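A quick write-up on the structure given underneath.
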Amino acid sequence: MTDTIGPDVWMQHRVSYGETDTMGVLYYAEYLHIFERGRNAFIRAFGFSYNDVEKRGVYLPVREAGCRYRSSARYDDLLNLRCGISEWRRASFTFHYDIFDESKGRLIAQGFTQHALVNNQGKPLPVPDWFRDSFRSLPSGSGI
Amino acid sequence: MTDTIGPDVWMQHRVSYGETDTMGVLYYAEYLHIFERGRNAFIRAFGFSYNDVEKRGVYLPVREAGCRYRSSARYDDLLNLRCGISEWRRASFTFHYDIFDESKGRLIAQGFTQHALVNNQGKPLPVPDWFRDSFRSLPSGSGI
Amino acid sequence: MTDTIGPDVWMQHRVSYGETDTMGVLYYAEYLHIFERGRNAFIRAFGFSYNDVEKRGVYLPVREAGCRYRSSARYDDLLNLRCGISEWRRASFTFHYDIFDESKGRLIAQGFTQHALVNNQGKPLPVPDWFRDSFRSLPSGSGI
Amino acid sequence: MTDTIGPDVWMQHRVSYGETDTMGVLYYAEYLHIFERGRNAFIRAFGFSYNDVEKRGVYLPVREAGCRYRSSARYDDLLNLRCGISEWRRASFTFHYDIFDESKGRLIAQGFTQHALVNNQGKPLPVPDWFRDSFRSLPSGSGI
């Protein structure tokens, strides 16, 4: 498990039939969709949404993504995803993801996405203070 | 097979692993992605692309879609898709699709998508003459 | 709104970035994925899962699907989906779906999926009594 | 560009509307679907298919995947994908992928997938000689 900086946020995801493949398991590209749901939930846990980030003129395109597939998930499995920020750089930052089974006893996959910050013309932006400060601590009583 | 008005266009599609599900067959929602590839190929066969349509300020959102699943397709199957226009109305038109197996001997699915014509504010537009005329006949020597 | 037979089940779905397209709206094929989530939730509301159905040797392939797109959904929208059964036939049945916005005040899409019942060799089965009876009434105190 | 061992295989992929997102670009998870199409084309270039591999009792689940996103692809772009094998280990091997634009002048993304070899019970298998030997050289006159 990669150390994350600051709070983690958990969410659940139910595996649908359409996400599985002929091997009967969650298809490998679908994990990146679940990661996206995780970082959306992460941002919402801090009281805003990625839409709000875009409205402030900041876009967060993925520059690099990776995933290690530890064990399989199957149709109807209820997955637990933990998402946190593992690194801040001057003009980018990284989300880290751990996907567990329903009991959280079995690790299914681990991954990351590194995001640049760019304006609406795609020009790199240094991480704004308001953005980084937004994720320092979860609002009290928060839950998803 | 629904009658189409004017020329038909054929394209091929290879079923990927990621398009299949736990039953080992092409997942039902994926047919709508293949239909989209079919109508893109249809438009390209007439010498332009859907991008060119949007550049002229015309958008073609799907108003209704349907599909009848006749038999299954599996991973690595090479499908033959026929696409044509089956109906013109004042402010909408309909694509029809037939999906066959590699030999074209077995019908796998049939479907349609009805499209409105709207401007970039989503306001309905009557079908422009240039649009309808574009699809009257295939350029000679055309092929995809 | 199509009348459904017996109880309806509601679920929520948050639109992800990956489900949207260049027009900025939920892509039309994604509705069929959401319908699948709806019927899975429907079955679970009655105390079992589609996996349990398959374990009893009954598969429910989609024979026909359709969707009317009434208005658009966008990234981060929270959708409300109602799912119910609208028709029983001797060897098939039909789910009906209504998708509303967060307030349930705006109808976004309506659709259906007709399912055959087949055994593990794909041979049609008449609807078993236990299957149809399972959906007569929701367990008391149920909720998703 | 990572060095590959042995021959490379090229294929083309046209970006569909359904593969794009609200930013107007090819969604990041879709690259993994394209990688899968690349390795399928790679295997077919050597005269067989992944189905044939499974028929010999060998499955190739993805153990790790990664992608660096260098520049964007948009709807209707025609992409050129190069796929080759970059590493053989005792019980796994790695595909490497480079995605270029239509002219092959602009690099869009680079990625890899590491695959284990397992039997139909998921038990690891050492790389069989027939498997590794299959990819030493392309059949003369081959093309996709």
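For the reader, a short list of remarks on this structure follows.
Letters are used for the chains, namely A, B, C and D, taken in the order the chains are written, and counting of residues starts over at 1 for each.
Basically, a residue touches a chain if its C-beta (ideal position, glycine included) is under 8 Å from a C-beta of that chain, and two chains touch if they have at least 3 such contacts.
Small disclaimer: the values here were computed from a predicted structure and weren't measured.
Of the two chain pairs shown, A-D and A-B, the one joined by more C-beta contacts is A-D.
The centroid of the Cα atoms in chain A and the matching centroid in chain C are 27 Å apart. Chain centres here are Cα means. That of chain A falls 35 Å from that of chain B.
Chain centres here are Cα means. That of chain A falls 25 Å from that of chain D. In chain C, the residues touching two or more other chains are 17-18, 23, 28-29, 32-33, 36, 75. Contact topology of the protein chains: fully connected, every pair of chains touching. Chain A meets chain B in the complex at residues 17-18, 20-24, 27-29, 74-75. Note for the complex: chain D touches chain A at residues 23, 25, 28-30, 32-33, 36, 59, 61-69, 72, 113, 122.
If you check the complex, the residues on chain D that touch chain B are 14, 16-18, 32-33, 36-37, 40, 49-51, 75-76.
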